[in-house]
Amino acid sequence: MKPLDVLGEMLDNQVLVRLKNGIEVRGVLKAFDIHINLVLDNAEFSDEDVERRFKSLFLRGDMVLFVS
Amino acid sequence: MKPLDVLGEMLDNQVLVRLKNGIEVRGVLKAFDIHINLVLDNAEFSDEDVERRFKSLFLRGDMVLFVS
Amino acid sequence: MKPLDVLGEMLDNQVLVRLKNGIEVRGVLKAFDIHINLVLDNAEFSDEDVERRFKSLFLRGDMVLFVS
Amino acid sequence: MKPLDVLGEMLDNQVLVRLKNGIEVRGVLKAFDIHINLVLDNAEFSDEDVERRFKSLFLRGDMVLFVS
Amino acid sequence: MKPLDVLGEMLDNQVLVRLKNGIEVRGVLKAFDIHINLVLDNAEFSDEDVERRFKSLFLRGDMVLFVS
Amino acid sequence: MKPLDVLGEMLDNQVLVRLKNGIEVRGVLKAFDIHINLVLDNAEFSDEDVERRFKSLFLRGDMVLFVS
Amino acid sequence: MKPLDVLGEMLDNQVLVRLKNGIEVRGVLKAFDIHINLVLDNAEFSDEDVERRFKSLFLRGDMVLFVS
């Protein structure tokens, strides 16, 4: 099993993404690629205690620290 | 579906781009590539509370955090 | 023997992963690839003295400092 | 249309280039490549409130934030 | 002679590895690759004046400053 | 015309190189490659108000901001 | 002539290497590669005013600023 297979098992599930700057985003994982670019649906992004919601969010992979 | 397909669906729509330094840019997505280089038309770029408008803005992809 | 072979020997064992920002994560190594992307099961991630547990954690390889 | 095509349309026009460190450079775009290396003619580079002019300026692409 | 040949001559010898953040690690070099990923056996890692020992340590190459 | 062609026209001429950390180096451009690695002859490098001269200086390209 | 040819001419000569963090290392250049990984013999590395000597030092290329 490779790490990307584990991301594949998370598709259509609610995930927590932590970015390298400490920001965390929650949403339903809809897509990913080998660069760890991610698409989250119904994403909650908390930015300095203000929570913002996005129907569909494209996250650039090089800022991702972990996905769970 | 791959993340870049989701960017493709955003073409010609109004998008919000957040850069890694926290700056946010709004505009109509006109083009993108695999490096996440973006072109926004009628772009609003807020820089230290001064809002600037650009008819056409080429953004280098490695500074992009998210697109929504 | 190559460094990735040593990671291979650690599969299914409890490992300690130290990230470049000093955060340490413990868990069972389930997968890795050439980018040092890792998957840890039953992962303990200590974030500012709050310990969090994740059933399965995908860690992006470019933030890894060491694995032991 | 791809982002580099938009740069192509800017050739021989006056452009504004913002670097990742916030410095802005103005000049006539004479050349670019896929790394977003740029050549500006009659470039104005403002460095700590001192404006400097360069007849021809080669800018390394990895420091570019946007071109407009 | 190429730099990696010199690393090859250090195999099975005690080496000192200095990381980009100033941390130094000592141990027996057991493996390396072209990314300068390293494996050290009986590694001593000093972290804020606390010395830790690891039977086998995989170090990601992009944090290495020097090996001697 | 491509940006590297413009560097080619600068060969054997006196150039100013600004590094990403703000340091500037002056010298005669003797060589360059696609990574923007540069060789300057009779190079003046000012480091904290101390000017140093080097008969031949190899500069790693990834620290270059501009060449003029 | 390409920049690496100039490094080639420095082989077996005493060189000064400045790292991106300002540290300077002196020694005899014994090997280099396209990543600017270097091997210095009889290397003097000054670290916070303490000078250390290494019989053979492998320096990772991505920390090199210049070689002279």
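Brief remarks follow.
First chain written, first letter: the chains are A, B, C, D, E, F and G, and each begins at residue 1.
Heads up, the rule we're going with is that contacts are C-beta pairs under 8 Å (C-beta built on N, C-alpha and C of every residue); 3 or more make two chains touch, one makes a residue touch a chain.
Note that the structure is predicted; figures quoted are calculated from it, not measured.
The fewest steps needed to get from chain D to chain E, moving only between touching chains, is 3.
Identification of common neighbours of chain A and chain D yields B.
Spacing of chain F relative to chain G, judged by their CA centroids, is 18 angstrom. Centroids of chain A and chain F (each the mean of its C-alpha atoms) stand 41 Å apart. For chain D, residues that reach two or more other chains under the stated contact definition are 62. Tracing the ring of inter-chain contacts outward from chain B, first into chain D, gives the chain sequence B, D, F, G, E, C, A. Residues of chain B touching chain A in their complex: 1-7, 10, 20, 36, 61-62, 64-68. Interface residues of chain C, counted against chain A in their complex, comprise 19, 21, 30-33, 37-39, 43, 45, 54-60, 62-63.
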